[in-house]
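These are the structures in question, set out in turn.
Two complexes follow with subunit A in common, the first pairing it with subunit B and the second with subunit C.
What follows is the complex of A and B.
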């Protein structure tokens, strides 16, 4: 089960950039491109910096001025979606 | 938002999304129509220079890097440059003739550079034609063997083929090779003169009959693909960002030659600056040449619209037009031929 201490990172074949406020994700293995919005882009950027889920929630809450409690559920859901899409994986 | 919309946005807003690095003009093949100017002089760009460039590009949000040539593997620092691009999270493509890419070298490329894709040059469907163009006997057989090895280790590749008078009668068989390796091909029907102005390669330009045949074959393939995979339809809810410019030359892309000269793109070779003297950001934000080219691509878009539908469909290249005719808004002979073909086809379809 996911907890706030779980740490994620982008999968080895994933390339990611924040360009003009949009997050561009390329999954090299299957040649797929995904575009995520500003919040999604910030989440991936923080993951790439090695930030834990709890810190990530704290930082996103501050950056976008939303309540941490509401955000927690959304972030967990979002991370598990990214995990099923093979964009991120748990750090062992 | 779709990536295609985003790339239009990058082009409209001058965001440097893709960079093509011509690492060297040296090559292990000797293609008859090669456009590289091997007499060009300057201080060669080495690993430290590319490192600095990639650090700057990372800051600027650039995502795509293509390692090209000549033959990029002939650059002494190729593997270090490729590995660094990977480490920095660039989507890296390698444009190579594939001649050297087998066994240990191929494995090394996959392991150290892990490119998103290889763009392999194919010049025909038989040794007689391919080898005639590369001027290296055995190069066709070698490429086919190397492709089989690439496929076996999961290296993604597709083909690039300049269409010429020599290979235009083998297009159908070329598609068989493409299907055999379950990949795709980009066939460029335009041969240009060399970057130094030498017009000799133009004598190899494909004929009108060859272009007509290509156009028919491509049409058939597109239809077959659409039936196989289903045609995706626009839902009507998508916001489609209109592109203000004809192409991304100097607006979302640049090309860097082996001596650090920066050009708006691979065809439009007006130097916008040199990376030995200025950073890429300084050139990108301050070059008058890039500003002019950005305006030019807006004008070209308007001009092609004025010329009619066929002209908008042929993949007109302002860089080639400038090089071949001295004006970016003038049809060069092969573009003219393609417009004629499309016009003829549309009359045929209407009848």
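What follows is the complex of A and C.
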């Protein structure tokens, strides 16, 4: 069960950058690319800074002015999707 | 499965540096993304490679020394032989800070990137039926790195000449490169390649005709070069053209840059070259119909 104390990081083969507000994820192991929207880009940027999930939710809530309770569910769902896509992994 | 395991009995014995016996004393000079000199071929291998690629000795530009490629012998017993019915050649690539190792069916390769670009190809094929494809599969990787070193980029794409300009249409497998190429041929347009195209000189981007192609565009190495007219991501559907966002354009171009896009040590260089290309050409998504009629879209504004 994921909790707000779980920390994620991008997988070793993932390269990430923000271009014109959108996030570009390159999965080098398979040579594939994904593009995520502004919110997704902010989440990945924060993960790359080593921010914990709880802090991440706090920062996204401030940045995009959304209610934290709703955002918590969405962020957990999003992180789980990124984990399934081998973009992020839990920090041991 | 670790590197080379599916092709070699003892992948750990993969040579760390050029070593072994050459096949012969023949030499072949070719120039695709820069001059390359293949040394140590026997007469059969030379003839097989020459029949496929020609011999551009006279065209080797003097602007830089050629990349030396040693061709060495390797015992057949070292390779794992398996039934290849319905199997397509795929390469195992091992990216290291100063080199790239390649393992494949019937050959292994080493591309040394530092301190200078040079390469070695080991094979058990003495110049028989499969030698041209062994040579080509190895050479494709080398060309991708030679292009990168010289600030160019190899793209999985269909290259079509329209009004003297090269239109580069890239996309994932199944996006329609072969279908569009077939339509172009039916409409009387000239094809550069239906598989890989080389964009060079990004200050004034040009497309060099290269011999890596599927059904259309398999020509010997030559010096033909055309100004780049446009870069398009392909999709099949109703004829339409629309602008791609900078992020989608960047990501899709990186995804279409074979071999080097998987190299963690050279990623920043690939990204830098891709951004330079994007500063000159802003790719559109080109949706085309199998019924044809898409050619005006290349000159229209999205």
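Criterion: the second predicted complex is superposed on the first by the 92 of 92 C-alpha atoms of A that agree within 3 Å, B and C clash if a C-alpha of one lies under 4 Å from a C-alpha of the other, contacts with A are read in each partner's own complex, and residues count from 1 in each chain.
Methods note: contacts are C-beta pairs under 8 Å (C-beta built on N, C-alpha and C of every residue); 3 or more make two chains touch, one makes a residue touch a chain.
The structure displayed is predicted, hence computed values, not measured ones.
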Thinking of the overlay built on chain A, is A:28 touched by subunit B (first), by subunit C (second), by both, or by neither?
-> both
Is A:16 touching the first partner subunit B, the second partner subunit C, both, or neither of them?
-> first
First (subunit B), second (subunit C), both or neither: which does A:90 touch?
-> neither
Which of the two partners, first being subunit B and second being subunit C, lies in contact with A:70: first, second, both, or neither?
-> neither
Is the number of subunit A residues in contact higher for subunit B or for subunit C?
-> C
Take the contacts of subunit A with subunit B and those with subunit C, and give the residues found in both.
-> 13, 15, 17-20, 22, 24, 26, 28, 31, 33-35
Of all residues in subunit B, those that touch subunit A in their complex | 1-3, 6, 9-10, 13, 15, 17, 61-63, 89-91, 114, 116-117, 156
Subunit C to subunit A touching residues, read off their complex | 245-248, 250-252, 254-255, 258, 261-264, 267, 271
Tell me, which parts of subunit A touch subunit C in their complex?
-> 13, 15, 17-26, 28-35
For the subunit A and subunit B complex, residues of the former touching the latter | 13, 15-20, 22, 24, 26, 28, 31, 33-35
